[in-house]
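After this come two complexes, each holding chain A, first together with chain B and then together with chain C.
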Partner chain A sequence: MKSTTDLARPFVDAAKDVFNSFNIETRTGISVLIDKQAENVCDLSGIIGLSGDAVGAVVVSMEGEVAKLITQKALSKDDVSKEEIDDAIGEIVNMIAGNAKEGLEEYRIVISLPTMVGGKNHTISWRTDGNKIISISFRMEGGKTFYLLLALEASR
Partner chain B sequence: MREVRVLVVDDSSMSRNTSINFFKELSKTKAEFLTAPNGKEALKIALTQGKIDLILLDWNMPDTNGLDFLKTARAHAMLKDVKIIMVTSEKHKDNVLEALKSGANYYVTKPINKDKMKEALEKVNMIV
Partner chain C sequence: MNKLGEAIGGAFNLIKNLIVDFFTSGTKENELDYNKRNKIIFINIAMFISIFVLVYFSVTRLAEKEYILSSFELAFVGLIIFFLWYLRKTRKTTVTSLVTVSALFALCVYLIYTGGSYNSGSYWIFAFPIIAITFLGARGGIIYGIIMLIIGATMMYTDLHLETANYYEYRTNVSIGVYLLIFLMAITYEVANNYSNKRLMAVKNEIQSILDNIQDGVFLMDRNYLIQSTSCSKSLFDILNKESFENYTFFDFLKDSNTLEKTCESVKAHLHEVFEGNIDEELLEDINPLSSIGIDMIKNEELIKRHLNFKFKKINKDGKPFLLVNVKDITKEVLLGEKLEKEIEEGDNQIKYINQIINTEIKLVKEFITESVIDLDDINTEFGNNSDDTTKVLQDLASMAFQKIHNIKGNAGILGFENIVNKLHNTEEIVKDLRKKDDIIAEDFLEITTEIQEIGIEINKIEEIIKKLESYKLDEEKASMNDPVILTITSCIDKLNDSRSMNVKLNIERFNIHLIKDVYRKLFKDSLIQLIRNSFAHGFEEKEERIAKGKNPDGCIEIISYVEDEKLFVIYKDDGKGLNINRIKAKAKTLEEYKGVDLENMSKKEAVKLIFAPGFSTTEDVDKTSGRGMGMNIIHDYVVKKNKGKINIQSEDGVNLAFKIELPL
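Right, the complex of A and B next:
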């Protein structure tokens, strides 16, 4: 059975590739385990649930201004609406989860539709054990940071 | 040369627009675009709005997903021969095989770019 770290790697690689495709260069920082009740310091989270042979969730969390910047890059325009930001970030999380499945070919994983959650310091209540939730920081050009949060558990 | 009609089915407006923009850039044929945010709406359009030449189809969508739409379309006399390209983030080889087995003419993974779209349109003879 793969460890949580091994399960996480395809998601990190997929995230780098997806952001790179929108001309957003990123550098990953350290990965840390977080508490299942940890307060999220970001304004906006895009969440996708996983079911099947590996269960859990994939979350991309960021400040509102970072979400706006990413959406501007993805849509190649400066003027972006709240709806466009939610749509773009949700679709990016969908691409990360769907692309990561390529690196987990031995597992049959079903991904949910993305859900967007907003609000300063919103809390994500994880259903996974606390020692299996990983937070990886991604630093963009100019120093802006967003986070990939992964709660992953293989069922076989 | 007659105008082609393309149905773009995706729950993300960003992805719908991306597909439309690449098609416009790549195809020399004038096109009319119809859009739907899920398979249910797409089916309604495909069965009531006249002949469709090409469907660009996402997989993960609310109501009716892309795979279910694909299976329904291939079982329907009006849609069994329409060209369908899956445009989806689902990259697992089982997903690709399932879609092709269910009648997709080609399969490209998001994020799409000009090269991927060009290859897909060439495969279904939509670049003339």
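Right, the complex of A and C next:
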């Protein structure tokens, strides 16, 4: 059985690659544990559930303005609508999960469709053991930050 | 060139398909019963030939200017075309067969009547019995054949034909003879064929019913791994979750089920070996990569996971190699096995933890948990607060984490939590490398964070076990309160309190009834009741007196038990007025046994022992209703003489009285 450590790394690598591919420079911060019940300080989260040999969820959380900025970069245009932002962030989290899945090739992992959640201080019900999840910050040029939240558990 | 070839191939295929479609009336291979489809093909062929022949006749008649006959034949062609359409539309073979045979019958009669060209028309009747029997079966064919024979013979032997048709007798005899011969052979063939068909059908039905009812999935696959959908068991559709296997290979299935590329490759190699048949079957089965495989499938729009067991056996069918495949759904068994394994592992882990916890002072374990949680939280907080990612800062952070983790590891080691020590050791190694790393970056801390998360989960587990252990302890205390000995003692005190309007309290916090062996239970029950009675009779003062003495107005009895040096100790204590030596001496004076004993000068220690003397019963002073006590002498005999124990009395005059009973375990 793989440990959470082995499972987490491909997701962080995938996140870096995905943002790089959109020409978004990021600096990865120190990962920390946060309480499962903690309210999310960001107001937009893209969520993807994992099932199969590894269960849990991958979430990309950010402020609305950061989401807008990322979408602008990804779509290479300034004028972006709310739908476009949701689509772009959903697609990004989908790409992260998809790329990470390839990095874990001996694992049979099924990823769900991305779901977007909005609103200040929303909470997410994490379905893994333990009472903490991993949070990794990504700082963009200009100091804006978004977070990759991971709740992972090997089920075999 | 290629394009031309393709076009020709395409055209060829199209024509082939059209011809097949025409002669089968558009029926598909598995759509109809094999026999019925054959019949349809047969009728189509017969009708097709009839159309050609009749058109030819019609044209010839036209040339001979026999317009009526010609149009009659053309009308017949129209009728046949109609029935071709009818057959295609309804697939009703009975009606079309009857029409075809009747048309042929009419044609034969007409040919006999006219004699045909060069008087050869009558030869056409030789074909009639074969066609009639094939189309209408034995029964209908025989009837029609006989009618044909009668009508044909009558027309040829008599003048019931055109004058141009010349039937001389010898030729007619031969014709009838040949007709009969063909007729009989057709009947024999049809009957024999029917019989063997019936047997074949019976066997086929049996096989079909086996395939329909067998719970395993069974199917054949050819050298190209194509699943043979015509001969698979019904449950296969359910097990593999497919509706059709047409043009579907085994590897299509594996791919659709989210099987890893690597697995597919090893399956391919394995199946190749099975086809080759060079390796011993048993050995092959041992290395079968599909003896248990987890697959994903979508059922009712939901992703489900199934575990399947495949078995392969090579067989030869019509000279070609096939694999007979048997597949079983073993999901339940596999899940149960996995669950069991997981539970055993978790159980082992828990037992280890429990063992360590009960062998350690629980307070220490609790302290360890609290301290570790604080340490881990500290590391996490420091990580979170950091916004500077220069090498120096990061190295310092790693050093801080190293120290704390090392500290927790030390404590876990002292308590013997090997599992946690091992985990912490891993973490320590990771951090150790990190703090020396010159090109350290913030991202490197991911491993520490995930390790800390796992350690947190382990520590949680210990915490849960402690909670459980403590709740058992509470349960045990509750259970002790229901022990008969304790119930008797409490009810005895309640009764005495009631009858004397007193409010004596019982303190058994330090009394563990489970320390008392079964053989001592009765002794203690009776002794304690005796001592309680004595306390009420001689010990407790009136409320006012107690208040005056500065004592708690309500009396108190405390019972304590403990084990020390392989001995059981039970202490009974009351806070009454204690033993009054003078009263004991006065009582002794009234007894026969102590006449002549110098009671006046007896030491306090000796005098106290007097209460154990036989006949020194104090029952006369106790309630008459509660005369069940053993008497102090009996307690003494039982403890000291019978069980080699000791009774020790301590009394502070006016303050308290305590009996300490000591018994070997």
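What we mean here is this: the second predicted complex is superposed on the first by the 153 of 156 C-alpha atoms of A that agree within 3 Å, B and C clash if a C-alpha of one lies under 4 Å from a C-alpha of the other, contacts with A are read in each partner's own complex, and residues count from 1 in each chain.
Throughout what follows, a contact is a pair of C-beta atoms (placed from the backbone, for glycine too) under 8 Å apart; a residue touches a chain by one contact, two chains touch by 3 or more.
A quick note: this is a predicted structure, and the numbers were derived from the prediction, not measured.
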Partner chain in contact with A:Leu44 - chain B first, chain C second, else both or neither: neither
Touched partner set for A:Glu105, first chain B, second chain C, both or neither: both
First (chain B), second (chain C), both or neither touched by A:Arg27: second
Which superposed partner A:Glu84 touches (first chain B, second chain C, both, neither): first
Partner chain in contact with A:Gly52 - chain B first, chain C second, else both or neither: second
Contacts of A:Thr4 with chain B and chain C, given as first, second, both or neither: second
First (chain B), second (chain C), both or neither touched by A:Met62: neither
Chain B versus chain C as contact partner of A:Ala154, first or second or both or neither: neither
First (chain B), second (chain C), both or neither touched by A:Ile136: second
Chain B/chain C common contact set on chain A: 105, 108
List of chain C residues in touch with chain A within their complex: 258, 260, 262, 294, 296, 303, 305, 338, 380, 383-384, 386, 389, 394, 397, 441-443, 445-454, 456-457, 460
Interfacial residue positions of chain B with respect to chain A in the complex: 11-15, 17, 59-62, 88-95, 109-111, 113
Touching residues on chain A, where the partner in the complex is chain B: 18, 21-22, 74-75, 83-84, 87-88, 90-91, 94-102, 104-105, 108-109, 111, 113
Contacting residues of chain A [partner chain C, same complex]: 3-5, 8-9, 12, 27-33, 51-52, 105-106, 108, 110, 129-132, 134, 136, 156
